[in-house]
Amino acid sequence: MTVSLYIPGVSSTPKDQPGRQQGAYPLDMWYVAAHSKELADTPVGRTLLNEPVVLFRLGNGEVAAVEDRCCHRHLPLSAGTVEATGIRCGYHGLLFDENGQCTEIPGQEKIPRKAKVGAYHVRERNQLVWIWFGTERDSEPTCEPPEYKVHDDPSFVFDGDVYHYNAPYQLIHDNLLDLSHLGYVHLRTIGGNASIHMNAKLTVESDDTSVLVVRHMPNSEPPPTYKAAYPFKDRIDRWQEVRFLPSHQEIWTGAIDHGTDDITNPNRGGFHMRGFHGLTPETSTSCHYFWTMATNPTQNIEEIKKKVVDQTAMTFDEDKVVIEAQYENMKRFAGEPMIDIHVDVGPNRARRIIEQLKQENLPVT
Amino acid sequence: MTVSLYIPGVSSTPKDQPGRQQGAYPLDMWYVAAHSKELADTPVGRTLLNEPVVLFRLGNGEVAAVEDRCCHRHLPLSAGTVEATGIRCGYHGLLFDENGQCTEIPGQEKIPRKAKVGAYHVRERNQLVWIWFGTERDSEPTCEPPEYKVHDDPSFVFDGDVYHYNAPYQLIHDNLLDLSHLGYVHLRTIGGNASIHMNAKLTVESDDTSVLVVRHMPNSEPPPTYKAAYPFKDRIDRWQEVRFLPSHQEIWTGAIDHGTDDITNPNRGGFHMRGFHGLTPETSTSCHYFWTMATNPTQNIEEIKKKVVDQTAMTFDEDKVVIEAQYENMKRFAGEPMIDIHVDVGPNRARRIIEQLKQENLPVT
Amino acid sequence: MTVSLYIPGVSSTPKDQPGRQQGAYPLDMWYVAAHSKELADTPVGRTLLNEPVVLFRLGNGEVAAVEDRCCHRHLPLSAGTVEATGIRCGYHGLLFDENGQCTEIPGQEKIPRKAKVGAYHVRERNQLVWIWFGTERDSEPTCEPPEYKVHDDPSFVFDGDVYHYNAPYQLIHDNLLDLSHLGYVHLRTIGGNASIHMNAKLTVESDDTSVLVVRHMPNSEPPPTYKAAYPFKDRIDRWQEVRFLPSHQEIWTGAIDHGTDDITNPNRGGFHMRGFHGLTPETSTSCHYFWTMATNPTQNIEEIKKKVVDQTAMTFDEDKVVIEAQYENMKRFAGEPMIDIHVDVGPNRARRIIEQLKQENLPVT
C-alpha cells in the first residue's frame, strides 16, 4: 500500500549501496558522538560521518542511537520527544525503540514489519558517548571504545563543550599536534613568547595508529595561569604531551617545582591541565569537536576549574577562526603546493595514519 | 539597435520553449496569487509556478499582473511604482499597462513595437486574487476561478496571511488532509488529547479533482477555544470537514449543542471555524500558502475574530517548522522508502489527483 | 619533504594555466585596488579579477601586494600582521616581503627556495592604489597608472568609500554613464524633476578606450544642494560631464552664475562636484566600487564637504539596491531580449569598448 509519488529534490531511486561509502573516513572504529551530559530529557540530532543520527537516553539510563528519520513521512526523530522506551515522532506519534523498531502507531493496531529505521551501536564510557562505524552498516563492534580515565579520576575536575567546524577534521588534528602555533594564534591568551614555542625541542614517536609529541621546558618561568592555579615556589619544569589517535587527541600539559621530580614519571605531582579532543567528521568538509579540559586544583576548586575551562574555550575560539579561514583559502588556492616546515613532523605522521586506515577499509578488488 | 552584450551568469540564448514547462505542475487552472488586501498602493512581486510576476491594482480598481521585469534593462517592475494606468519602472520610468504594453518612455517619443512584457489573466473573487496558468503562455482561461462565499458571508468575519514555505506544496496538502497530526504537532495550541484525534472515525470520498475527508465527534467535551467563543450549554456534536481541490483546501470545523441538529445539515447552526488554504507553487521546491480563518461570533466579534485568527497563525507556525524540517530530511534520506499508515488515505488520494493532472497537461507525443 | 595528502573540496591537481583566464576581463591595464587611506597598520585582503590579494604598507611607506595565502598551510596572509619589512602569517609566523619571498620561518634556519608566493605590481598615485593585471601573471606594466589630479588639488576637498556589489561591474558603468536615471532612482536625494533629466540634450563622443557624455543645462534654477554650498546670485548655467575609461569614470558636475562664463572653459569658476568612480571586478559576477566625491567650497569647508559626501553616499546606496536587483532579475529572465532606449547610447559605447579590449587580450590562435 506504499504510495511512491515524486517529490522535487528527492530522488525516488533507492540507495544501491548496502554498506558505507568506502575510503572517505577510517571505518571499523569508535568515534565520539556526544558528551554524556548532552543526553538528558531531549534528543540530540547530529550528522556523523555523513549519516543523520538521533541520540537519546532511555528510561533505564542506557544511551541509544538510530537513524534520524521517522519511517512514515521522514520527519527527523530529533524533532520528537524522548520516552522511557524510545523516541516518539513529533508528527504522527510513531514510537521507535533503541533498535530502530517501530513499537507503536497511534490509532493503528498492526505495525508493518518494515516499520523500522537503522540503529547504531553506542557505548557510554568515562562521560563520553561513542558510536561505532563499521565498514558495513550492520558490522558488529570488534572492540570496546577508548578509555579516558581522567574524567572519572576524583583528583580532577573538568568541563567542556562541542564545537561545530566548517572544515575537515584533519585540519584540527594538524592544529592540535603542532603546539608551535600558540605564539601566533593565541597571542591574547596562552601564547606568550613566540620564540620559546618555536624553538622548544620536541620528540615525535609514532606507530600504526598513534603519534606522541612531547616537549619539555625545564627550569622555566611559570606562566600567569599556572601561578594563579597552583602554589609554585619559583621556577618550574614544564611538559607538553600530545597523543594522537584516529578518533581523538589527549593533550596533557603541566609543571612541577623545578628539580623536585622526574617529569617523565607517570605519577608526577604538580599542576596538570589535561585536554581531551574528540574529532568526528560531520561530512567530508565539516566536523564536530568534542573537547574537555580537566585540572587538579587543591583549593578554590570550582573557581579554578571555571577559569581554566573558560580560557581553554577562548583559545579554541581563536583556533576555529584560523582553521575555518585556512580551509576557505585552501579551496580558493586549490592546486597550489604547500611547503612543509619543521613543525609539521607530528601532523604529517597523523595524516599518514588516517590515509592508511582509509586504504585498509577499502574493499579488496 | 539592440546591443546584446554578454553579462556573466546571464545566458544570451533565447528560451526555446514557447510554452510552459510541462509536467511540473497541474496547468490549465487558476491558482491563488494574492489576498485582495495585499493589492493597495504598492506592487507585489511574487514568483508563481517558477515565473516572476508583479501584481498591482489599477486606478479603476481592477487587478493586473505582468512579468516582473522592465523590457529595457530588466529591473523588476515590483521595485517601481503603481499609477492609475499601470506600473512605472523605478530605473528610467517606463510605464506598462495591464496588458504588459509599454505606454510611455520618458524623453522618447516613439515606443518600439517590441517594448512589452508578458501579461497574465487575473481575477478578483471573494477577496482573493486568482491567476490563470494555461499549458501555453497565451492560453485563455476556460473557466472562472473557484468561488469561496464565506469571505462575503455577512454572518462571518475573517482574516489571514500569506506564508512562504521552503518545501513543495504537496507536503502542505498532505498535512492539511490529515487532521490526526493535531495531537502531536499542536500540543501547545489546538491539539488536545492525541488519542481522540488518532482514533476518531473518518470517511474519505474522492473524484477526479477533489477529496473530501469528514470526521464526526458526537457527544464530546467542547475544547477551551470553543467554550470561549460560543455559549455552548454542555456537551457538543463536533465535525471536521476537509475538502481538497488542486488549488486550495477548505477546512470547516464546528459544533452544535449535543443532539440539537443533524450535523450533516448544510444549514446547521452553532459555532463555526472555516479555513481557506490556497497553495501555490513558487518553485518546484517552495510555495506560497495563502490562508484565512473565518468564524461567526455572535458577541465580542472583533475580539473573538482576533483570538481565533491568532491561534490559527500559531498552529500554522508550528506546521511550518515541521513541514520544512520534513522536506530537508526527505532530501537527506532520499531513496529511503516511506511506510504508509492509516492516516494517509486522504493525502494519498490528493497526491494521485495532482499526479494525474500533471500527466494530462503533458503534450501527447 | 612535501606531503601532499587529500583534503576534501581541495583539488590536488596543480593549476595547468600559467597565465590568467583570457577573455573574462580586459587585461594589460591598471585597476584600482584600494584607497590610499585604507592601507595603514593592518593588511587588506581583497579578491581582484578572481585572484585573492593581500595589500599592505611597508615601513618605508611603499605599498605592496602579494597572493593572499601563506605558502605553508594556506592561511590568508590578510589574517596576519603587517611589519616594517613585510607581512607575517597569523598561524606559524612566516614573514613575506613585498616580492612574495618568505624571509623568515620562526624556529627554522633554512628557508626553502620554494617558500614564496606570487607578487603584484602596485603603484600609489593621487591617493589611489593601482594594481597591474597583465595577460600573463608575470607581465611587466607597460605604462603608468592613470592620473587623477583632483585628489591633490589644494582648492578641492574630498572623501569616499569602497562598496561591494553583487553584480558585474559593467552594470555600474551603465548606470554612471546614464544620468537620466536620477529622476527615478534618486527621487529622495539629488533627483528633482524627472522630465528635466530625461529631456536634457546630451552629446556623446568616444574613441577606442573612452566615452565622453556631456549635458548642459543653461539658465536653470539651482537645486537645493547647490544653493546651500555656494553663494549663487540667481539662475545658473549647469554642466554634467561623464568620462568613461575601462578602469574608472570621472563625473564632473557644477554650475556658474548664468551668463558669467563659457561653461566649456576648463578654467571655469563656480561650484564643482567631481566624482571618481573606480570599478574593479571581484569575480565575473561581483565587483568593488571605489568612489570619491570632491568639491571646492569657499566657506564652512568641512561642513560642506561632509554634506556633499554624505548625500553622495546616500545616492550610491540607492543605486546599489537598483543594480543588484537588476542583476538578480537578469538572471531570472536570462534569454529575454532587452530593448534599448535613447539613454543607452553612452553605456552601449562603453560596453563595446570593454568587449573589444577583452577580445584583444585573447591569444591569437
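Going in written order, the chains are labelled A, B and C, and every chain counts its residues from 1.
What we mean here is this: a residue touches a chain if its C-beta (ideal position, glycine included) is under 8 Å from a C-beta of that chain, and two chains touch if they have at least 3 such contacts.
All of these numbers come straight from a predicted model, not from anything done at the bench.
A turn of 120° superposes the CA atoms of chain A on those of chain C, with the angle given to the nearest 5. Where chain A touches chain B, the two copies mostly use different residue numbers: shared numbers make up under half of all numbers in play. Inter-chain spacing, taken between the CA centroids of chain A and chain B, is 46 Å. Looking at chain C, no residue sits in touch with two or more other chains. Put simply, chain C touches chain B in their complex at residues 168, 170-171, 174, 178, 180-181, 183-185, 194-195, 198-199, 284-285, 321-322, 325-327, 329-344, 348, 351-352, 355.
On the chain A side of its complex with chain B, the touching residues are 1-15, 52, 67-69, 71-76, 79, 88-94, 105-108, 112, 114-115.
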